[in-house]
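Just below sit the structures, each encoded as structure tokens.
Shared between the two complexes below is chain A, which pairs with chain B and chain C, respectively.
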Partner chain A sequence: MQGLLIIVLAELRRIPGPNGCPVNHGRTLAGLVAAIIGVALVFNFLSSGKFIAESTALSVTNLAGPLGIIALGVTVLMIAGEFDLSVAATFVTAPVVAGLVMEDYGIDPVPALLLGLSCALILGFINGVLVVATGIPSFIVTLATLFVIQMFLRILLPQFSVEWNSESGLKDFLGGKLDIIPVAKSFAWLILLGLLLWFLMNHSRVGNWVYATGSRRGRPARAMGVPTRATKIGCFALCALLAGLAGIVQFADYGLISLTSGSDDNLMAIVATVIGGTSLFGGRGTVLGTLLGATLLSMFNIGLILSGVQGNWYFSLVGLLLLIAAIVNSRSQTRWRRGTATPDEERQTMVTAGST
Partner chain B sequence: MMGIQERATFGAISPSKGSDTARRFLRGSGPLLGLVILLGLFQTASGGVFLSPAMMGATTAFISGLGVVAIGVTMLMICGEFDLSVSQSFVFPAITMGALITRTDTPVYLAFMIAMGVAILIGLINGLVTVYFKVDSFIVTLAMLLILTSLTLTVATTNPPNILDVSSPLLDALGGTFLGTSIKAPFIWLLLIGAIMTLILTGSRFGSWTRASGVRGGQSALAMGVPVKSVKIVNFCLCSGLSGFSGIALVADIGLARPDFGQNFNLLAIVAAVIGGVSLFGGRGSVPGAVVGACVLGVLSTGLIVTGVDQQFYIGIVGLVLLIAAYINIRLEGRETGE
Partner chain C sequence: MSIDSSSLLNRRSFIVKSAVLAGVGVGLASCSRAEESSEPVAATPADTAASEAASTGASISAVFVGSLAGFPFWNQIELGARNAGEDFADLEIQWTAPTTYTGTGQIVQFSEAAVATKPKAVALNYVGPEMDACITTALDQGTAVQLYNNFAAATQSKDPRIAALAITASGLDKDALCKLSATQFAESVAVGDELVFFNQLPGTPEWDGIQNAYIAGFESLGWKKDQIKVNPATLDPAENLQIIESYLTANPNTKGIICADVTSGGPAVKAKEKLGLDLPLITWNLEDSTFADVERGAITQNVNQQPYLQSYFAVANMYMILKYGFVAPPYVDPGTLLITAANVAAVQSQFEQGIAG
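== the complex of A and B ==
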């Protein structure tokens, strides 16, 4: 317990990033928590007390779960300096493959889901190899693979949607809601995966590699012998795997997946990541911020509905939120680049520079 | 796109890879060659039906819409920036114009001016935020895309503006037929705008500034006294202005302003620009190339229908074409892979 407390306190302190840029995860996370509380209070007022309720908690976490799990992978990839626009298609691929083999061949859910996840993993691997081997920007590569995967999905699934009919313990294990508190299980998975990834990113060598690969386009890291290409391919694979996992969790939750499920999620995952304080230029970011960012997005979605605002305005609010978050992120980074960081930050920079 | 400003383009061409003449020929005429091959392929596969006037009419409608958007996107990509909001700057001004004409009895000319003003304002905001807040244009224009999506849906309501009954010489000039022939006006606009923008890009000071601003994040250009910030902002305005114009021309042609017009144009315009040979790192690109890129996408779209190929294959083929085109572009630039 005490060890956990120390880790949490260490996370809340100023942590210098590997590129020497002082990364204040604590400030970002505190800001996000404050935003979540503030938004909850505002929506509670606007919806005359309907927002802070058990049913709302359930629907918010229900939305945030799958989106957040996708966004976790996108965050890790973005920290490594790359993008993945194809996650929206990977998200559907895993459950569609699993659902089809369950329906058509009567295969048990466990091997079926594993097959779906391996498909996602392979797609991520292909993305990574294409980006690393050709040198084409990942934005273009994953846009192309998004199109190609969508084509295969339409061929694979002419009936447009597939159901999970067979009753199994696995379905209840993955989806539904928790027994004790009104929180969707998908959200519990998100928190579990988020903590796991946070530990991996902050307390393991691989995590260091990811940060280093994204810093200054990986040049210093390569000079230090970090396998940046393998790290990038691994991040692409992880990103796709998490997207597939998110799709499977939603499949278990709803018992149905259609081709249009999560069609906006590639962009929304990027939004959640940027709101969570991850730098678009790589090398900087935190998966915990992304977790909170996804929660904030889902709160907006539900809150607007409860407040009786037209659903159209959700996009506007998300756009504004994204813009504000990006400007705040960019300002803190520019300040560091210009050398006008506070003495404390300067000191941290020097400490990092000295230690590497 | 991340890091677009940080990429260095000059000095990366190594003379060992292929002859320079072949490279120059491929860069200049490669897309056109591909288009001709594609046309021949569909013409034979469809038994000679494909190049008939009726088929060409359907194809050019798509091409003229996308082509003008792709020209703007190309200009912007040359100066090292991105615009993901073009699909909305395509449809929002057009819907605004339709709503003004049908719901408020605004004169057509005034409504057109207001709509164009709105389109240019979108680019101005994109540009100002990108340049002065130093936020990646990918994120700024993504935010703009989301914001405009709400506005479009709100203005369109459940009853999209219908201007079929409105007759005005301006609407005829924008979307009617060209001087009594069967050629639609938007296609003439595409050729005209393409010609003008080619002249601007290759023969004017602004064109050189645009290309210089895209190399090394414009740092060398800045050192030489090029007003990089203004050049980028003007190109943002140009990009959204052209998309807005293209959307208005389409609505003038069809007579209906539906919020789902141009839905994937932000991505397809990038695909067209890449097929046309624009550098993914800024600094290089061609306007005629973008038009040819739009033609390739348009011909693919109708060609697949005519030859009876399942429509599902279209999107996958577009993806493959994008990948191949991007790879050829990178090889032609002689870039080190993985760097």
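== the complex of A and C ==
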């Protein structure tokens, strides 16, 4: 938690990373942190003090964990200029495969989960290769693979759901809640993965390649010799791996995964990513913004219920948030293209393309 | 190896042109075959099918349109339809259903697609008035229509032929079912107690219909409308656990819970346990854990719509129309089975045989 705080503060102060990579999302992150605090206070007032409570913290983090882990992968992919609409199916695939081999073949949880994650990784790799090889827009390719995967899942799991009933140390390690604070372990995994990705994106050559691949359709990156095709395939694989991991974390936590699990996550992960400040056009974004975006969405979900507001308002508010985020995103992008970007933003483009 | 971009363009252009030509060819061939096999307008499907079956021994084909493939309730519908198709030797049942639920529009599209194949008969779930155009097309082209599962709203149709189909349907009258369920549930709560209905697909006619039927059912027993709260849920059980837990935390006056599916029923059991609440609970449809939960009292009542029988009898009705030309086969109510601790063992046996869900 302390590490996360230092990184957030560093980003808020716009301190460049060691290799000069982009960390200029200060305003977005500051806005999100302020929004989270404001939303918590408003919901606490509306719910007569029920929102700022241990049980609420658990519920919010339980929802934000799996959603945020999926959204982290979506963020990296969107920064690279692509979308993956099949993440909800991948989210189910990994735990279903793991659960079935555990249940039907009595395989230990560790190899079973690794097998599930391998399946997710392969699905992401296939998505990436299809997009790169055919040149078809990724939302079409991944929409198609979504339907194909769903069909396979239906054949694989005719009984609709699979349970993880056996007691195992791994199950307790992945799911449940932390002992010291009222936070779901899935959220702790989200923070840990967020920090790892933040490091990868801001302090490694690969991170620079991802930003460069998504920036200005990858033209400057290709000119500078960045392996944009391999980078995109890698991003698809990472996105699917994280979606599968999110599914496994939820499987461990809840003890059951069904064909309808994560059914809203395809779009909600994109919403969390956009709210977190990632550009719909690629080249810009931050995993920390996504982490905060997923938390904000989950706060709305639980806060409305606790406040006694008709729950149908949740999706209306999500829509409103998305619209605002997209408008801010779009205006920022337009300003950038017209050449009125801040010096930081200009530097980001130059540095990103150049640091290969 | 380097590839010239213009040659690549030419190659792509050739492939596209070939694909278009192939498509046109296949389309023309299909039209030609369709014309060859078109039925005389005056003949009813029953006449034609019966005479075909009698004279040539050819199998009678019909399409059964489900609403959601892979869902426990719909798996039972599919199984009942397929088994009935096998039990009637000269009947061939083709099953089709969307794999994801994106609203009633998709069910209508699947129904339209099934009707467009001009089958002898088609079994449809009447999810709302938006089905009318599709059913009218079917009836106009001579396809026999059998309604199943939802059908009550069809009585309001402007087309008297569609309204008439409601009295030959095979399914449950949800209004009557919910009233029966509410009446039995009232024994576990007091009149006027605050209850909550979790609706996982708000805005859809099917789910809003069940929600409103429960409200009407409890109103008829003395409750006021605002004492039956409604809260949206989702199709994700893990997310529903958080939603239900938060709702019960925020609304300590809640005295009873109604969840009309396994995706919220199972989470409701877990939420009650996590919060240490002993609230009466209605759930719908069956999953593995339902039986143990009913036995130990965590679920007060489980509503089983007997989907296997719904579709089995729907197919039987279609067969009677096609084979023997019955004009108005009977309305079949497969019976509302309210599973409680008293009868849970008998249903568990059916569930293990795969014919209850």
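Methods note: the second predicted complex is superposed on the first by the 316 of 356 C-alpha atoms of A that agree within 3 Å, B and C clash if a C-alpha of one lies under 4 Å from a C-alpha of the other, contacts with A are read in each partner's own complex, and residues count from 1 in each chain.
By our rule, a contact is a pair of C-beta atoms (placed from the backbone, for glycine too) under 8 Å apart; a residue touches a chain by one contact, two chains touch by 3 or more.
Since the model is a prediction, treat every value here as computed from it, not as a measurement.
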Message: Quick check on the superposition: with chain A as the shared anchor, is it clash or fit for chain B versus chain C?
response: clash
Message: Once chain A of both complexes is superposed, is A:Thr134 in touch with chain B (first), chain C (second), both, or neither?
response: first
Query: So, A:Phe173: does it touch chain B (first), chain C (second), both, or neither?
result: neither
Message: So in the superposed three-chain picture, is A:Tyr314 touching just chain B, just chain C, both, or none of them (first/second/both/neither)?
response: both
Task: Pick one for A:Leu267: touches chain B only (first), chain C only (second), both, or neither.
output: first
Task: For A:Phe83, decide between first (touching chain B), second (touching chain C), both and neither.
output: first
Task: Would you sort A:Arg217 into first (chain B), second (chain C), both or neither based on which partner it touches?
output: first
Field: Partner chain(s) touched by A:Leu63 [first = chain B, second = chain C, both, neither]
entry: second
Partner with the higher number of touched chain A residues, chain C or chain B: B
Field: Contacts of A:Met151 with chain B and chain C, given as first, second, both or neither
entry: both
Touching partner for A:Lys50 - first (chain B), second (chain C), both, neither: second
Single chain B stretch clashing with chain C - from 59-67, 239-247 or 275-283: 59-67
Message: With the touch criterion stated at the top, can you tell me which chain A residues are shared between the chain B interface and the chain C interface?
response: 147, 150-151, 154, 312, 314
- line: In the complex, chain C touches chain A at residues 69-72, 75, 99-100, 202-203, 231-232, 234-239, 241-243, 245-247, 249-251, 262-263, 266, 287-289
- prompt: Can you list the residues on chain A that touch chain C in the complex?
  reply: 47, 50, 55-56, 59, 62-63, 66, 147, 150-151, 153-154, 157-161, 163, 250, 253-254, 256, 258-264, 301-302, 305-308, 311-312, 314
Chain A residues within the chain B interface of the complex: 81-83, 130, 132-137, 139-141, 143-148, 150-152, 154-155, 217, 229, 267, 270-271, 274, 280-282, 310, 312-316, 318-320, 322-323, 326-327, 330-331, 334
- request: Sort out for me which residues of chain B touch chain A in the complex.
  value: 1-4, 6, 129, 133-136, 138-140, 142-147, 149-151, 153-154, 267, 270-271, 274, 280-281, 310, 312-320, 322-323, 326-327, 330, 335-339
